[in-house]
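Here the chain labels run A, B, C and D in written order, and each chain numbers its own residues starting at 1.
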Amino acid sequence: MTTIARPLPKYLVQRYHGWRATTFTENRAWYHRLAEEGQRPRAMMISCCDSRVHVSGIFGADSGEFFIHRNIANLVPPFQPDGQQHGTSAALEFAVTSLKVAHLIIMGHTKCGGVAGCHAMCAGHAPELDEKTSFVGRWMDILRPGYDRVKDLPEDQQVSALEREAVLVSLENLMTFPFVRAAVESGELSLHGMVHNISDGTLVQVDGAGAFSEV
Amino acid sequence: MTTIARPLPKYLVQRYHGWRATTFTENRAWYHRLAEEGQRPRAMMISCCDSRVHVSGIFGADSGEFFIHRNIANLVPPFQPDGQQHGTSAALEFAVTSLKVAHLIIMGHTKCGGVAGCHAMCAGHAPELDEKTSFVGRWMDILRPGYDRVKDLPEDQQVSALEREAVLVSLENLMTFPFVRAAVESGELSLHGMVHNISDGTLVQVDGAGAFSEV
Amino acid sequence: MTTIARPLPKYLVQRYHGWRATTFTENRAWYHRLAEEGQRPRAMMISCCDSRVHVSGIFGADSGEFFIHRNIANLVPPFQPDGQQHGTSAALEFAVTSLKVAHLIIMGHTKCGGVAGCHAMCAGHAPELDEKTSFVGRWMDILRPGYDRVKDLPEDQQVSALEREAVLVSLENLMTFPFVRAAVESGELSLHGMVHNISDGTLVQVDGAGAFSEV
Amino acid sequence: MTTIARPLPKYLVQRYHGWRATTFTENRAWYHRLAEEGQRPRAMMISCCDSRVHVSGIFGADSGEFFIHRNIANLVPPFQPDGQQHGTSAALEFAVTSLKVAHLIIMGHTKCGGVAGCHAMCAGHAPELDEKTSFVGRWMDILRPGYDRVKDLPEDQQVSALEREAVLVSLENLMTFPFVRAAVESGELSLHGMVHNISDGTLVQVDGAGAFSEV
């Protein structure tokens, strides 16, 4: 068969060989054991695809620590068992029911392109996202309930409020999954929500009353 | 409003403060500029949620370099503009049409739980994954065409062949997206497919003839 | 000379730098003084090597507070002044006669692999631990007198009873050390025994009648 | 039966209740899972009982990460399968053969009372440690080969050189254990040696040539 695939760019090949000769070699024993015995991550992280957000770095995580799903705007859609393909729900199901992670952390961030697009779309400034054919627009529909809660704030506060809503809405949607709710209620799983400010490096987390404060 | 959210575990709080006092502080200027000017990643990576796979580490990537989507088994579903929520397609659309990444890399890996589950399901050994309500099962349906190509191999070669199929099927599906095909044909985007062996750290990549060889 | 030593894994290097830039820096004065004036811990803790037991965490201990010896199953062997190497006895001697700690706390825990191994060995189910060459088996011999006291209990109560015996036997053995007995009798040292339930976080302590109750 | 045990001091009871209401509660899910599934630490740490040394803090370790043995001066005695009780050898055997840790880290420190005592004893200034009945003296005999390598250095450099020897001698002794040597040679285990300066918080590690440099 033929494929469209091209060789990896040279600078990436070079870095990979460097990684293998250093980091991999130094941790060969641990990587080998992780491969043989299987992963056993303590937490699932749901964060954005954005190239400026790296939860492994922020939390000094070693290989094997976090099961990480990354999508646009770190969103969790509601439970929808319709037999269709739901990548986020599949990742959730695997993490909670098979891996039995103890923590599930929604990691939002400032300056999120997805959230900004959602705001523009909901405010009527981005009709192209409203098209049925816009995958980004349809994905960001998940955050519409959040827009309704921020649209009466002063204009210049709405987008950052919506970034927090991306976390709050996802936390709400998480609890619509029966296996998440059951694990939370039995004490086997705890949920956490936070927003990372990519400009100044700070982290705020949400408490039980829906308020955010610095970690 | 109330939320189900709990405070972040203390060891993560401690590590975050450590990160902020060192890595963040040392790179403050770059992070600040990335935040102000927006991201401009050179590549999109599609890799698995598995806690043992970290493309940033393997490729020594700095903040801002890779736009990373992670889902179960690093799969890309076919183009399906049905107005439903497609997280992977949304990430693709954003990376290719808005960020205009130059490379799109599908990063598979060995010992993939999702691929093993798909194999069991297709071989008839995991009826629970065949249920309409199994999110993992429905997600792994994307890989069924790959199973059909490996099912006549010797039993003990099928799963690792299917791990490679997860990359090949995704490369094929990528080309069903008009915006991907257009960017590839105009030379603005190149596609790459590889499988990372998490036991011995090696990397193989697929060439235009569909064959895999060591990088 | 050559050594077999390898560089520290990178994620630990990163975390160490984070610790030094935060916790260490914030407590620099206290650490400096502790280093210059010497330690003066108020208690010695004897606990298990098990990665799930951390007395510093449970008791909110600051640097300098506890002198901590950790071995398999938190055992104290009997006084045996035979000129051989006794790591636990050396730690005891240093804590009681040089540091003059005021409290000596034996901290047992549930789900102890060492205790389970001892039970299997004494019950005849782990002949490999009975070999002269098994370091774990010989070490767990210290707990044999405890096994004799639990072996007539119902089968399913024996292991957890033996976890408590690991504390009781150690308390008994402590009193065979002349310097411990002297310090206890003069009122300069008090002994304490407890078992930490690592599942539910509770702590039980033994009283003068040998009964355990919640702290 | 009667015991000599006394109730836990009130301030410790109070802190324990605080820990249980906060840290434990917030991590209930993870602690519960660790208890049910068993520990799977990635590294064994051998460090000193000294109250000023806490590897969990320095390395931001979570519960379940490190299997920790602590004895006077972080020493490993040579392999001695004589059927006697060897607490350190038992901990080693359990970590390497049962838990199959990937890293084994000897963590020395400055201002070590045990090392200072060893120096005094070997230099003839502490005859009481030379007594057959001194547990500390007999334990520190393990470090005598190190003293022979530092005794011709200028007087004021000997003790700190001996602190590094405590790490080097232990690394050498580790390799006398057949199960350690086998795991190192098969690539399943890597050894690491370092000395923590408790005054200024720095860490030095030894390389393959026996030289120490800052981490």
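The rule is short, and it goes like this: a residue touches a chain if its C-beta (ideal position, glycine included) is under 8 Å from a C-beta of that chain, and two chains touch if they have at least 3 such contacts.
Per UniProt, the chains are A, B, C, D = Carbonic anhydrase.
This one's a predicted model, so the numbers in the text were calculated from it and none came from an experiment.
Participant: Along the shortest chain of touching chains, how many steps lie between chain B (Carbonic anhydrase) and chain C (Carbonic anhydrase)?
Facilitator: The distance in steps between these two chains is 1.
Participant: Decide which interface, A-B or B-D, involves more C-beta pairs in contact, and give its chain pair.
Facilitator: Between the two chain pairs, A-B has more contacting C-beta pairs.
Participant: What whole-number Å value describes the gap between the mean CA coordinates of chain B (Carbonic anhydrase) and chain D (Carbonic anhydrase)?
Facilitator: 41
Participant: Compute the distance, rounded to whole Å, between the mean C-alpha positions of chain A (Carbonic anhydrase) and chain B (Carbonic anhydrase).
Facilitator: Roughly 13 Å, centre to centre.
Participant: Can you pull out the residues of chain C (Carbonic anhydrase) that are in contact with at least two other chains?
Facilitator: 6-7, 9, 14-15, 18-19, 23, 25
Participant: Between the chains shown, work out who touches whom and classify the graph as line, ring, star, complete or other.
Facilitator: Per interface graph, the chains form a complete graph.
Participant: Which residues, counting only chain D (Carbonic anhydrase), touch chain C (Carbonic anhydrase) once they are in their complex?
Facilitator: Touching chain C (Carbonic anhydrase) from chain D (Carbonic anhydrase) are residues 1-9, 12-13, 15-16, 18-20, 23-25, 28, 31-32, 34-36, 38-39, 41, 44, 49-52, 54, 56-60, 63-72, 75, 77, 81, 83-95, 98, 103, 105, 110-111, 113-114, 132-136, 138-142, 168, 171-172, 174-175, 184, 190-194, 198-203, 205-210, 215.
Participant: For the complex, give me every residue of chain D (Carbonic anhydrase) touching chain B (Carbonic anhydrase).
Facilitator: 23, 26-27, 30, 60-63
Participant: Would you tell me which residues of chain D (Carbonic anhydrase) are touching chain A (Carbonic anhydrase) in their complex?
Facilitator: 26-30, 32-33, 37, 40, 42, 60, 62, 64, 100, 102-103, 183, 187-190
Participant: What does chain C (Carbonic anhydrase) use to touch chain A (Carbonic anhydrase) in their complex?
Facilitator: 6-7, 9-11, 14-15, 18
Participant: Write out the stretch or stretches of chain B (Carbonic anhydrase) touching chain C (Carbonic anhydrase) in their complex.
Facilitator: Per the stated touch rule, the residues are 14-15, 17-19, 21-23, 25.
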